[in-house]
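Single-structure report; data block below.
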Amino acid sequence: MKHQHFTIATLGSHSALQILKGAKDEGFKTLLVVTKHTEPFYRRFTFIDDFIVLRALGDVISIEKSLRKRNVILIPHGSFVAYLGKVGNKRLTVPYYGNKKVLDWEADRTLQRRWLTRAGIHQPKQYRPDESIRFPVIVKSFGAAGGSGYFIAANKAGLDKKIKAMKQHKYVIQQYVVGVTCYLHYFYSPLTKSVELMSIDRRYETNADALGRIPLTYQTPSLDPSFVVVGNSPLVLRESLLPEVLAMAERIVSASQKLIDPRGLFGPFCLETIITPDQKFYAMEISCRIVAGTNLFIEGSPYTWLTYNEPMSTGRRIAREIKTAINKNKLALLTG
Amino acid sequence: MKHQHFTIATLGSHSALQILKGAKDEGFKTLLVVTKHTEPFYRRFTFIDDFIVLRALGDVISIEKSLRKRNVILIPHGSFVAYLGKVGNKRLTVPYYGNKKVLDWEADRTLQRRWLTRAGIHQPKQYRPDESIRFPVIVKSFGAAGGSGYFIAANKAGLDKKIKAMKQHKYVIQQYVVGVTCYLHYFYSPLTKSVELMSIDRRYETNADALGRIPLTYQTPSLDPSFVVVGNSPLVLRESLLPEVLAMAERIVSASQKLIDPRGLFGPFCLETIITPDQKFYAMEISCRIVAGTNLFIEGSPYTWLTYNEPMSTGRRIAREIKTAINKNKLALLTG
Amino acid sequence: MKHQHFTIATLGSHSALQILKGAKDEGFKTLLVVTKHTEPFYRRFTFIDDFIVLRALGDVISIEKSLRKRNVILIPHGSFVAYLGKVGNKRLTVPYYGNKKVLDWEADRTLQRRWLTRAGIHQPKQYRPDESIRFPVIVKSFGAAGGSGYFIAANKAGLDKKIKAMKQHKYVIQQYVVGVTCYLHYFYSPLTKSVELMSIDRRYETNADALGRIPLTYQTPSLDPSFVVVGNSPLVLRESLLPEVLAMAERIVSASQKLIDPRGLFGPFCLETIITPDQKFYAMEISCRIVAGTNLFIEGSPYTWLTYNEPMSTGRRIAREIKTAINKNKLALLTG
């Protein structure tokens, strides 16, 4: 079967526009699962061939038969866990791009830390609540999405008070690494066996990114930072850092093949880092799928323009990978 | 008459390059009104066919006969009010892109607030000087352009002192909303009856955007922020915010048709917002014309690349709209 | 000899990818000098035709004969001084793009200041250690690269203590100008005798650009800013500032022709400025070669898209210049 007979589908949120635009550019049919609320917005885009309107995006599980009939390949993005849960993602039986075994390692902060450590990636020091702590620290509740649910503590009293006020009971206490944030977008292809650097962004967080505009004398002690990601802006890195940027990704892929599963991590992923003044990368987290920062680069990034002679978004790169696999009769390699 | 016989003209400042580049790309003749001081700069650009050199840009009123002979359509931008005043803009009799009736509602902060309220847009709380005020607040003098003439006050004493020192006597006192700034660039076409999201930027303000680089111990209490806009940097928003981003613009257009005039607001406009940690947009202001932030996207933005298969700046979108109207014999719909 | 018989070469670092991509796009052969450590990274890029692997990039001096055989034109970038020293650059006998006489004026802060002053460029006030100083100040050691080795002092005691702790004994004490940073990328062609504005960026410095995200109550007095450049983000400027932006560059080129050498400064250069709230540019430094901020614009910048109908990076602009000179038999004009 030719790739034109397949339909690339996803849930209407996060990076759905990029994914389906890329799929259409590569010659696929496209389908979007939406709610009544978001349907009018997505109807504006002519590269989406077809829509399925559900009461909630999580209900996609109930329409698998219909998806299968249309030869759907589902592309997960950063909101799939929010809508379906880890278990829901695993229960899907329709062809699903990516290795589902990675989900367990990504979702559990302890396993994720073990994986990154194995790959030789620097990470912020982590504390147990009863340990002697060097402040400031940042506390991250498990399962917090988009940076909401994070807080800073400057001392023991502040930490205790805020932990008490949390609804979540699972959290980590991390050293607050002082350095600039940097989100590295990669793509690993098991077909070419190589990692590509797709693009780099910096997240735009409210209100953390607003505080710097308020000088000392106007900041009240009650002004607490929050880290809700609402946007992204583009970035390039110093060229001398790029060999390590790619080497980190190669070590992560390689470690995943040993720790998780022979196929390991593949497709798009993102390493969320802080760069300190000694030019070291500290990884706060890994996202094992397309991240929203790639939405900046619909028409390509400074990095993809170095390697492709055409506009190449991460969404389009996914579609190209699937097309290549179909044409080589290797689609099973890419779905989990 | 075909569109090639029309000349798109504007004043040499603000976004003139984008406007005339876009006009040339769409097949129009182009004309720029400059001063002796700016002429050498603009002469560098080959897409500008012709120049008229005036002693002051505001003198454009005195050459209307000559503009009319050339079949000029004048495209106003953010500096038109600075050079001509609201009254000067209204007095122009040469074809002028946009609805001049909107000028009154845009220029008057009270009317503007009424309009945005009618459209269901969140806005910062506004105070009278004699009211009980929750600090910090930001004070904005009427007619202040580009953010100069704004100041923050942290308490009643600071507010009183600074208001006394102001030269301007008309001003508003607004709640200082703590959140990230976000400038949304739209285009409403009465021909297609739809709103497009053209691009998004973040303004670069001196010295407000420099303060964050100076740590606590080096900030002196005399360090006061100022908000003079000198540049712009690109931004994309979380995809889940986009349906509301477009819905806000649709409500604004619709409210303008009821409050202002049946034609209401059309063409390019910009909503200047702050996004709070609960992911709400607070509008500080609306600009009812092309804004300078669109100058980032001469070759298209992540949003226009989703909908156009060619580079589409806001300047080019204006020219395309006028071309379409001319070809459908509907130019009168677009000029005010 | 036609330009296809020449090889554009550079050292593997800084902006090598941009330079060689641009050279390949213009039809040159390309060669990169790398170390064993960086070779695997650069091997990813198919626009690099050939590699020479050295133990250290500075050893390029020992392979000049081989470079000459390949008709190499060497393009220096911001790391050439770090790898070869000023003296090493001058000793190179292989054709080297740019005017080597400028190196002396660039490397010496006193000469550089004289040059910029002659060009009528505002600069931060400079202090001798025994002078009465208005704080805060920034201290920059001579030869510090990429912003490392800079520090802020808020008062006399802090200044004295930090100067004592410095390893470097040559340094300047400058007024800390409060305003937004802005890096202006230019290209001056002696063939067309005109300056072009290629692009504009803002540097991303660790940890200076991270401090603003930490509010007052979490900043400890020991938190000292550092200014290590690790990346760049794109910027456009207010259009009304652009005539002065270009006029500054023209005055700098013109002053260089009087002060340094009749050929003066040509090719790519960068003015590193701070813009104050009165919209004045204060130059901190000039870089007389391609800067890393141009790496953002592999596919062109908002400014090059106004003047070129094709993607034009600074790297490609260099190659185009050399190609034009070769075709006009004027290559000697461009090499120093």
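Chains: A, B and C, in written order; residue numbering restarts at 1 for each.
Keep this in mind: a residue touches a chain if its C-beta (ideal position, glycine included) is under 8 Å from a C-beta of that chain, and two chains touch if they have at least 3 such contacts.
If you're wondering where the values come from, they're calculated on a predicted model, not measured in any experiment.
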| item | value |
| --- | --- |
| Chain-level touch network, classified as line, ring, star, complete or other | complete |
| Homomeric contact chain B-chain C: same or different residue positions, threshold half | different |
| When chain A is superposed on chain C by its C-alpha atoms, the rotation angle in degrees, nearest 5 | 120 |
| CA centroid of chain B to CA centroid of chain C, Å | 34 |
| Per-residue multi-chain contacts in chain A, two or more chains | 205, 209, 211-213, 216, 223, 233-234 |
| Contact footprint of chain B on chain C as seen in their complex | 136, 152, 154, 176, 178-182, 194, 200, 202, 205, 208-209, 211-213, 216, 219, 221, 223-225, 233-243, 246, 274-277, 279, 300, 302, 305-307 |
| Residue ranges of chain C in contact with chain A within the complex | 13-17, 21, 37-38, 40-41, 44-47, 79, 146, 148, 204-207, 209-218, 220, 223, 226, 228-234, 292, 295-299, 311 |
